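Dropping the structure in here first, questions after.
Order as written gives the chain letters A, B, C, D and E; numbering starts at 1 within each chain.
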Amino acid sequence: ETTKERVLREGKIVIGIHNRAPWGSRDEATGQATGWHPDLLRAAFAELGVKDLDIRVTEFGALIPGLLAGRFDAVASGLAITPERCLQVAFGAPDLKVPDAAIVLAGNPKQVHGFADIVGNSEIVMGAGRGSVSVKNATAAGVPEDRMLLFPDIESNVSALRAGRVDVAVLSSPTVIGLLSGEKAKGLERATPFVTTDEQANYAAVAFRTGDEDLRALYDERLAALKTDGTVAAIMARYGFGTPEAVPDSVTAQKLCDGSAATSGAGK
Amino acid sequence: MGFDIDFALSTLPTILSAIGMTLLVAAVSCVGAAAIGFGFEITRRSGGVMGYAVRFLIDFIRATPVLVWLYCLYFILPFYGIRLSALAVGIIGLSLYFSGYLSEVFKAGIDAIPRGQAEAARALGLGRLDMTVFVIAPQMLRNIAAPMGNYFVSILKATPYLAVLAVPEMLGRAFDIASETYRYAEPLTVAGLIFLGLALIISQAIKRLEGRLLRPMRR
Amino acid sequence: MPQTAKTPAVHAVQIGALNKWYGTFHVLRDVSLTVPNGSRIVVCGPSGSGKSTLIRCLNGLEAYQQGTVTLGATRLGENARETTLARRQTGMVFQNFNLFPHLTVLSNCTLALRRVLGMARHEAESLARHHLEKVRIPEQANKYPAQLSGGQQQRVAIARALCMNPRLMLFDEPTSALDPEMIKEVLDVMTGLANEGMTMICVTHEMGFAREVADQVVFMDQGSIVEQASPSTFFTTPGHPRARSFLNTLLH
Amino acid sequence: MPQTAKTPAVHAVQIGALNKWYGTFHVLRDVSLTVPNGSRIVVCGPSGSGKSTLIRCLNGLEAYQQGTVTLGATRLGENARETTLARRQTGMVFQNFNLFPHLTVLSNCTLALRRVLGMARHEAESLARHHLEKVRIPEQANKYPAQLSGGQQQRVAIARALCMNPRLMLFDEPTSALDPEMIKEVLDVMTGLANEGMTMICVTHEMGFAREVADQVVFMDQGSIVEQASPSTFFTTPGHPRARSFLNTLLH
Amino acid sequence: MSMLDIWLGILQGFRVTALVTLYGLIFAIPFGLVFGVAQYLTTGPARLVVTAIIEFWRSSAVIILLFVFYYALPVVGLMFSAMTVSAMVLGLNIGGYASQAVRAGLQSLDRGQKEAGQALGLSRPTILLLIELPQALVTMSPTFINQIIQLVKATSLVSLVTLTDMTFRAKEISQIEYDPVPIYLSLLLAYFVVCYPIALLGRLVESRVGPAREISGGL
């Protein structure tokens, strides 16, 4: 029995998430999986009778090892497609474009609107997620290492920003959107605009085990259908994503894996 | 997930580049923890309200995880106007946290000194300070070398927690490599082996020191 | 040597109606004792009768609740500075030697000389060697206590106390942790000291030593001195029935 | 009681040319000794002469490299089962009592009865009480060792050994950790045992006891038996110079 | 969210924290006893093997072991549940420390105890079981209690293997409420509430049986 057959038979798919809004998290009230990728997966599989999303919450770094170890059937937690990761897992079609974005204290006191501002003002200390693509982009843009603090998770970034330990936290745009939605980030705001280039963006997708290509194919097929019928756009709207986050048709998982499109890390 | 030795070796320079930071944090924290712990123990011995306060503080420290301590020092103190650098927070956090444990070690070390030693010192007319410095402390050191060494190793093994403060230490570097390459086995093994090696060096050094300290006291 | 400047007292020690309690337990009951300069007192009595407690009160190792202790011309506890000075002139030797195990024999002897009296190292060492010779172990000066036999350790402890040039020596069962052969070497040193005129109070059950050396034998029971007599009287005609039965068990 | 079924031996213990080394250190040198049934041997000698080592060899607490030890009719080490049985018939009393601190006096005495001899609890307890009476502390049966004085503890240790109905009792300085008064109570118990005809080997420096109780005094020095004589001979005309000087120090 | 809500939210992770601790003890206690005794009794090569096993569990970084047991072993066909892996890894790690306490306790017993047993004709297992172990366990009990605290605190690592303990709950809550002060203070308080009674129990036992021999036990 392949994973696909089992998923269809049981009507249940086990997904790994690292509990990060808006990518994939556990709803405080219902205990159900919520977030961009769980919603996509739910929509994609619902018509096939797979209604049950069984979530396993773990650390970001354990997502791919957990998938490989068979602890879950898919990673639905904002994993970005990178050539290195393609060697380990089978990505579904890219479903979200992920540019960098920045959060700052309300009023943007240091007037940060792009990496150039950070490079230009030696008083600005930047925070970012350890190992994230934002760090690579910042480094490439010339932000010196001694003005970059790398934290293991988003909370630390936000805490550091509030504590005045950093002046700006550069995270992925969906993360920032999720972070600023609702009441939870009082006193913080998104730095608008925060200028980025297309090369700096990367693309998120659901990841499957290599060897479960049949499941991936099924998902890709359903995802294409959802794009056509507007479901994807509806889910994007639910999370506040718009044109900047839409994936151009020219970008495919294959190209991203070959390294011919942009590089590395989304949730991170 | 096969293990690629060449890849493992290639991670070595990056991971080793942080060994200085790891050792710096560990060494300063060891000294800090020992100093504060000794202060705690002396205060506790002198009794009174301060003695009880210190006792509670030590139990409080023992009852809470070090990680939470680091979070509190790093992210909460600034709200009260105290902004320490990450390195300072790390060192102060580890020192404070382990001082609670070390004070217990000192306690046992002092308790193990026969009462007659202090009495002999007093009978000779030695003052409190002279007695502490020349009679009690050297004997205590001999009693506690081994357990103190264990805690020094624990302090070393705790330095990776400083990753939450963005202090660039070894295990953090290893995770950097892991999250860039998505290969966990090699960098983690390399970091693990370096930590194990350092731990062995420390415990060997302590064993030797203990041997030298104890030599006069054995036949 | 620092010295109280008052008129030299005739009595090395005067204990007046000393009372001491451990909690509710009355350890010392109205103990009074006068020790003239140059006299040798042997204290004996059953276990728990308060012998150790008594002599520990004499050099401030134990506090007491009632009564007076006068060393030379100084009443203990009246004046902090003088008390300290008086105490310094009291040497104490313990049952378990209590040598400092981390210091050599020589350093054991010089520590107090240097830290308390502020002597130069050279001077302290030559004084220490002098006393080590007196207890007949000059050759052990650079060894550590653990390398010595019990008898040798106890002799070092005596030398260490002598270094401070005490006017009174207190001994608390100095030979009871020793093997028979070593007992003799320590008692010999103590007898030598006595013959030189050192004032000493010695808790011991070595009745041969008491007979030979003591001026007075003090017998304690349940915290009181129940008999005090010259050795010849004490050993031949003990007055108190408790002393009689004690002597009996001792000489089986 | 299990018993070797062979012809009852005349000698309780026969030691033949026993040699033992600790590493390169020769602790026992050609020690030979015959202990007839019912005899009382006192072993004495300077510290480190090998007294403890010798008697520990007799009940298998120490291994030896050369020579033979025969208990009754059993040569130790020849046959594992017989060795165990022979050992069981040897009681040992230590300097530090070595009572089990976590067990009551009664349990200290019944433990081996129940676990080794498989006695029922009731039977074991009544036997234990019998022996506790013999050492004159039946009333302490339910206390823990730490609640007893040293002399009482040592008497419990003797009772514990007696419970196993030994044919030979070994004592290693049983009174040297005791206060003078307690020494007497323990020696009294031992004298009682001797008068009942118990075979015993006793390392002690209590010369009064030796004089009164021993058939033979064995003097050891540097791992050898250098003198063996009746107490009257040993104390009046010791042959070996080392024994003479030892006796001298002992009787100061 | 009020401080109380946060605190109650964190306590939702208490069940996992408690379960991992309890199941962990099921591993720790037998391991500590068996291997402590084995290390005490064995010599030569057998002892080396025993020591190597103890050191493996005691000295390895717990986080790496969790990772390997949960994410790497299934690749070779060994699939344990997250709870089993957590309990086993944390339990055996603490068990490694406990075994050292057991061994130290046995070694520090007066040699005369064993000899008295032998002189009475008791067999070696009987001596171990009825004479040595009861005494060693009493003197070691304060250490064991301290190890339980270490175990509770170590459960904060199990979120790595998908379990939702108190620390992870705190992280979850900070998804909703990015306000570090109440969250981290609540977390500190939560561990304190769980561990402080155990620490007090340790003090009580310690005052009954004498001071614990300090053997450093992780974090």
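Just so it is clear, a contact is a pair of C-beta atoms (placed from the backbone, for glycine too) under 8 Å apart; a residue touches a chain by one contact, two chains touch by 3 or more.
Just so you know, these numbers come straight off a predicted model, no measurement behind them.
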*Can you list every chain in contact with both chain A and chain D?*
E
_Shortest hop count from chain B to chain E along touching chains?_
1
*Work out the mean Cα position per chain and let me know which chain is farthest from chain D.*
A
*Farthest chain from chain C, comparing Cα centres?*
A
_With contacts counted as C-beta pairs, which pair of chains has the highest total?_
B-E
*Using the average of all C-alpha atoms in each chain as its centre, how far is it in Å between chain B and chain C?*
45
*Which whole number of Å gives the spacing of the CA centres of chain A and chain C?*
83
*Interchain centroid distance [CA atoms averaged], chain B/chain D, Å*: 51
_Whole-Å gap between the CA centroids of chain A and chain B_ = 38
_Residue list for chain E, restricted to those that touch at least two other chains_ = 67, 72, 75, 180
*Of all residues in chain B, the ones touching two or more other chains*: 1, 71, 75-76, 79, 184
*Among the residues of chain A, pick out those that touch two or more other chains and give their numbers.*
65, 68, 159, 162-163
_According to the definition already given, which pairs of chains are in contact?_
A-B, A-E, B-C, B-E, C-D, D-E
*Okay, in this complex, where on chain A does chain E touch?*
16, 19-21, 25-26, 28, 56-59, 62, 65-66, 68-71, 153, 155, 158-159, 162-163, 179, 184-185, 188
*asked:* Give the list of chain D residues in touch with chain C in this complex.
replied: 46-47, 149, 179-184, 187, 205, 208-209, 246, 249-250, 252
_Give the list of chain E residues in touch with chain D in this complex._
110, 112-113, 115-116, 118-123, 126, 130-131, 134-135, 138
_chain A contact footprint on chain E (complex, rising order)_ = 9, 67, 70-75, 79, 159-162, 164, 168, 171-180
*Considering the complex alone, what residue numbers of chain D touch chain E?*
59-61, 84, 87-88, 90-92, 94, 96, 98-102, 111-112, 115-116, 157, 160-161, 164
